[in-house]
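Here come two complexes built around chain A, the first alongside chain B, the second alongside chain C.
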Partner chain A sequence: MEKFYTTPRSETNRKAKNRYFSTLCLLVCGLVVLTLITLLTSIFITGGSWLSWEFLFAGHLEDNPEESGIWQAIIGSIAMCVLCALCALPIGIGTAIFLEEFQPRNKILRALHWLVQLNINNLAGVPSIVYGILGVTAFVYMFSYFPSITPNDPPYCEVGAEYRYQLKTLGGDFVNFPCPDKNDKEFRITEPLEAVNSQGSPFVLNVVDTRSQAPKNDPVLLKQTVVKGKRPSAYAVKSFFYFHLPFGKTVLSSGLTLGLVILPIVIIASQEALRAVPASLREAALGMGATKWEAVREVVLPAATPGFMTGAILAMSRAVGEAAPVLAVMGGVLVTTNGLTNLMAKTPVLPVTIYKWAGDENVGFEHLAAAAIIVLLVLLLVMNSIAILIRSRYEKMLG
Partner chain B sequence: MKNSPKAFVLLCFITATAIVLAGCDQPKKAPAGEGEATGTAGSSSSFEVNNSLKGKVVVEGSSTVEPISIKAREEFNKRFTKVNVSVSGQGTGNGFKALANKECDFSDASRPVKEKEFKLCQEAGVSFVEAPVAYDGLTVVVNKNNTFIKSLTVDQLKKIFREDFAAKTWSAVDASWPDKKIAIYAPGIASGTHDYFVEVIGKKDNKGLRSDSQTTLSEDDKTLVTGVAQDEFAIAFFGYSYFEANQDVLKAIPIVNPKTDTPVAPSIASIESGEYAPFSRPLFIYINVENYQRLEVETFVDFYLENAAMLAKEARYVPLPQSIYDMVCDNLEQGKTGTHFLDDQGEKRSGGLEAVFKPENLRAR
Partner chain C sequence: MAGKSERDFEQALLRNYDLKSSAMGKVSEALVMTLLVGCGVFSLAITVGIIVLLFSQSIGFFNNAELAIDPWTFLSDNRWSIGQTQGTPRYGILPLVSGTFRITGIAMLISLPIGLICAIYLSEYASPRVRSVLKPTLEILAGIPTVVLGFFAIKFITPYLLQPVGEFKTFNAASAGIAVGILCLPLVTSLAEDALRSVPNALREGAYGLGATRLEVTLKVVVPAALSGIISAFLLALSRAIGETMVVALAAGSTPTFTMDPRQPSQTMTGFIVETFQSESLEPDSIGYYSMYAVAAVLFVFTFTITLIGQLIRMRYQEVYN
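So, the complex of A and B:
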């Protein structure tokens, strides 16, 4: 009798192959888990015992890992995250709404639409250091359109700075008084004027013609005396909204650069969120006579908001971990004197601190780097769990 | 399925809190290395804390000098709490660039100013005061287990490191040494250390450092240390302070002093006395005198120079003789700007720091 079917390979052979393949999958999976476990264990062994409240609330000290900490870096990371969210979320969600909800019918606009979509998909894969270089050109130097920032001259378009003069009196006290014109570098003291001493109490500056006339026997008066013709130097008292152009190597520049890094991610996640809103909701709204904008505002956006938030938080946790663009824009800052008092200041952030500590010549900082990694991981874990929490609520809501 | 995300989140939170709490209760591990020896700086005598001096001081330049400047900043900020000092170490060349562009108040440098940079400052109308702050001994190191090298002469170093000799194996340098490949680790071209080494071994013949497959160049000193620590037949060079911090895995090679013909091991004593030649070099800061008129810059620079010897020691460098610091302070006070290391033809003066850094050698700017 002729065979109408090919003989199946033996039953056991097929089953065995199936088993081999499942084992292989399991092995690969185990390898991944093993790597993760090794990584976490090694980090905990190196850094776990260095975690302490002092570590969280102290600043970096050169060559002194025992008393160094990451307080400024935590504040810096949070500030940068907020800046980056403020810049990326409105633009990102807006773009997603345009791409998903307002698809044009015009041929030219459709081409534009297609081009934007293509670019966003490509941009999501661009390495973050490339954005760093872009940030240096666009935000730090602003295409060299404004004069560059030098320590001796007030920057261009300055807002929120009050200038004062300071000088050292013959008695060695540091005193200051208001500066009427910040660009006047030739101001000299000719007559007595009201000033504030280093204790913060006001007094009238005593002016003598030559050094020999100084009241050497009266230390209190000597502390208030200057020689006629002395040139004071100006400094800026910066308020919290201090601002200038170009942005320079500041936290604002790096926040905006990080905003660029996560923008494509925010857009793509928001598009997914909009696509997940059932078409029936939209159609029902339109069928009731709502305009497109009304349908989007009243129906689609509320339904998509949890999705937006999930995407936003995942994007932010990417931003928190980025070191390369921050290094390119702000440089490797480990500690600042005054902390983060305005947006035109430098600040350390967690990933850069980890990078610098890991390469420090004092080996003690390797442990601190590991401890900082644990803090960063905890931060990411918390952020991701918030995202998951929101998503689960969202799933429940849509039933 | 609905409940599982919540359970996961709960798990995450519990782990997170547990990690933080567990970590926080444990005592700190005993400090590794000698970091704890340097607690508070030398003059721990009582000082007046000043909160009224304000402003900003910007320092750019050599990553070799950076530790001294950072130490200076730390000590200075204990006394003057409101002055914002920012120090960045992007390399000596970049420091001079920033100085010429008036972007910094003073620049750190691990070598004297070059003719080109001097001209650049002249064109920009920048006058600077040259201030040596410490000595650094460039150290040639090998693996701890390397027993065949007892000392090296400058000629042997040329055979190993120069692009025209580029010895492939150790036996090509000295017949009694093993027939093994030489692995070379060297600082990258942006670093002053690289420049200085090339100047000693190849300047006269206009030859540079080799850059073949046996050579690893890196700006990260740590790469050099790990490279040598893992390879018995590797050799590297970098600043003395970096060797001192890694003595447990590295061995410094005594260098034969060309004048006395005796091998001298690098140490603080031999660097200070000038016996460790030709690989001990001075480190500088170059101060823009226009910026020096700002009170906060003046106060910081004066503090830096007054305490330079102590700061140099804290950063593991070798202090200069007091007479040199005194001369720098005089120059600053009298506004004597310019460099001592270039003659009127723009050629670099040769000789030790004390021979060159003299008032009559000042080329004014």
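So, the complex of A and C:
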């Protein structure tokens, strides 16, 4: 019997092309997977053996990679993350509600609505280093409205700091007393005054005119005696709510700057969360006589909360990995002496630490950087798992 | 009278309800609305703030009496030698711009084709099994902080991938470009896949019905139909690559060069800004401080324009299919 249909050459070619392309696609995708595997393995090989409890709980040491660690950086990263979430979440969710739930009839408001929506996506495209510059001008120097902070001058306007003078008495004891005027740089001891010794007990400072008049036979009194005209050194005792203007290169400035960086991400994620709430819920609330805001407050927001949380965690995980704005605002801090005691302190964070270590000439720090990357990736993994968990529950809930 | 009995009926009904004052409700509604509008205005204010700030401070750079640079020299001179102690400093931004575009070019050469192919594969070809591997891979890749990719570029790509092949410097444009390409890849893939998926199935079925192979359906029907979405994905990736900071700060070096050679170090606009910030001597109102704003203004003009165009293309395209 004669064949009903013979495959023309062109069709074989076309089918072959399809197969080739399919193979090419598979190869390219394999390359992508391979890239990720290479990336992760190279980091684990470089840094894996340097991970230890000592590494987690120690601080950075100059020229000593073996004993350096990242405890301050972990604390700093978490604090920064919480700070930026605190400032970005309310504004971000507010903007999302404005964009999704209120369709204004007013002409001006409608133009605003459109403009804000267009602007959100543009903000998401602004490089993070530009936000860093904005943060430096707006938060660190506050548009040069206040005199800028220098190491010699105390900040222009501050709360929660107590200035004290410290000096060494003839007996070798370090005593301190309150500073009457923090801007007086020429202060000298002229008359007896109330002071506190190194054990913390108060006494009256004994002032003698010259060193030869010192009560050499009485060691207790000698410890409380100073020569007239001695210049004490000033220092500040800062409470946990210590605060000054302008913010300067501090954790607060960088937290606020990171808040600006993640704001568009929060807004976009919150918008999606609001869109996922079924319209029937809103309509039911409105049908029962709720006003627009009542419907949003009582019905829509509770239903969208898990979505907000997912978005918030994803935005925070972006903030944890962001180095450029922090580097711009706070500088490349690797270690601080006092740690994070108030909002006006500096702190190292994980990405900046990784950046500084990776650029260090000491080869040991290369391994430390890889180890710190592993810690950072684990932190991100935990945050993302929480987000995925919340999302899967939420999807079940909304059906 | 019907009217009266109706009113009586209403009164009888209302007696049982404790009605809230509607005046209060109106006030609180207006208050909330104002607050929400305020939030929206805040996000606008950030953009306006960035624009005003960058351009007003750049004026400080051009008005500096010691330097006497005019904007034209700034944009056209091909040497950037700020911070060097010898010779007169020259402020031509071209080396920084060329550095940015060298790295961006390499990144685009990598991320656009690979990203598009991955997107096509995910949307048109992939079996659920391949998808379940590829999709998480891309998501993990998207979540990796940029500083990690910078580390990968100097510690792996340069010594093990590039230096065996040619005379690459320790800091070079190629390694930074490859790392930025890896960074942009998930972005291109996810946006392009969205665009491909939103092409209605009827178009595909029509083409299959005419006897087209899968490749023909993809290349001749689906990709052209999703073209605006794909272009917008490319533009967003481009703007992301131009603005990328940490990778180039680590891997591209801090020498502004004006060449086409990918083996040489090449400082970018973002790299210069980070380096300036890190110098301890940075004071407000110094030349270094102002030059940073001028560079940032140029950077912002590039990224903002590209994002805006991408956005407008995407908005148009959404109108077509929704």
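Simple rule for what comes next: the second predicted complex is superposed on the first by the 361 of 399 C-alpha atoms of A that agree within 3 Å, B and C clash if a C-alpha of one lies under 4 Å from a C-alpha of the other, contacts with A are read in each partner's own complex, and residues count from 1 in each chain.
As a convention for this text, a contact is a pair of C-beta atoms (placed from the backbone, for glycine too) under 8 Å apart; a residue touches a chain by one contact, two chains touch by 3 or more.
If you're wondering where the values come from, they're calculated on a predicted model, not measured in any experiment.
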Contacts of A:T337 with chain B and chain C, given as first, second, both or neither: first
Partner chain(s) touched by A:V175 [first = chain B, second = chain C, both, neither]: first
Which superposed partner A:A161 touches (first chain B, second chain C, both, neither): neither
Which superposed partner A:N384 touches (first chain B, second chain C, both, neither): both
Which superposed partner A:P65 touches (first chain B, second chain C, both, neither): first
Which of chain B and chain C A:C81 touches, first, second, both or neither: neither
First (chain B), second (chain C), both or neither touched by A:A295: neither
Touching partner for A:G359 - first (chain B), second (chain C), both, neither: both
Most chain A residues touched (candidates chain B, chain C): C
Set intersection of chain A contacts, chain C complex versus chain B complex: 148, 331-332, 359, 384
Parts of chain C lying in touch with chain A, wherever the complex brings them together: 25, 28-29, 32-33, 35-44, 46-47, 49-50, 53-54, 57, 114, 117-118, 120-121, 125-126, 130, 133-134, 137-138, 140-141, 143-152, 154-156, 182, 185, 213-216, 236, 239-240, 242-246, 249-250, 270, 273-274, 277-278, 280, 284-285, 292-293, 296, 299-300, 303-304, 306-308, 310-311, 315
Complex interface listing, chain B residues touching chain A: 2, 5-6, 8-9, 12-13, 15-16, 19-20, 22-24, 26-29, 31-33, 35-36, 38-39, 50-58, 67, 70-71, 73-74, 77, 81-86, 88, 90, 101-105, 220-222, 241-242, 245-246, 290-291, 293-297, 299, 314-315
Chain A - residues contacting chain B, complex: 48-53, 61-66, 148-152, 164, 166-168, 174-176, 196-200, 231-233, 235-237, 331-333, 336-338, 346, 359, 361-364, 367, 371, 374, 378, 381-382, 384-386, 388-389, 391-392, 395-396
List of chain A residues in touch with chain C within their complex: 14-15, 17-18, 21-22, 24-26, 28-29, 31-33, 35-36, 38-39, 42-43, 46, 90-92, 94-95, 97-99, 102, 109, 112-113, 115-116, 118-123, 125-134, 136-138, 141, 144, 148, 260, 263-264, 267, 291-293, 317, 320-324, 327-328, 331-332, 351, 354-355, 358-359, 366, 369-370, 373, 376-377, 380, 384
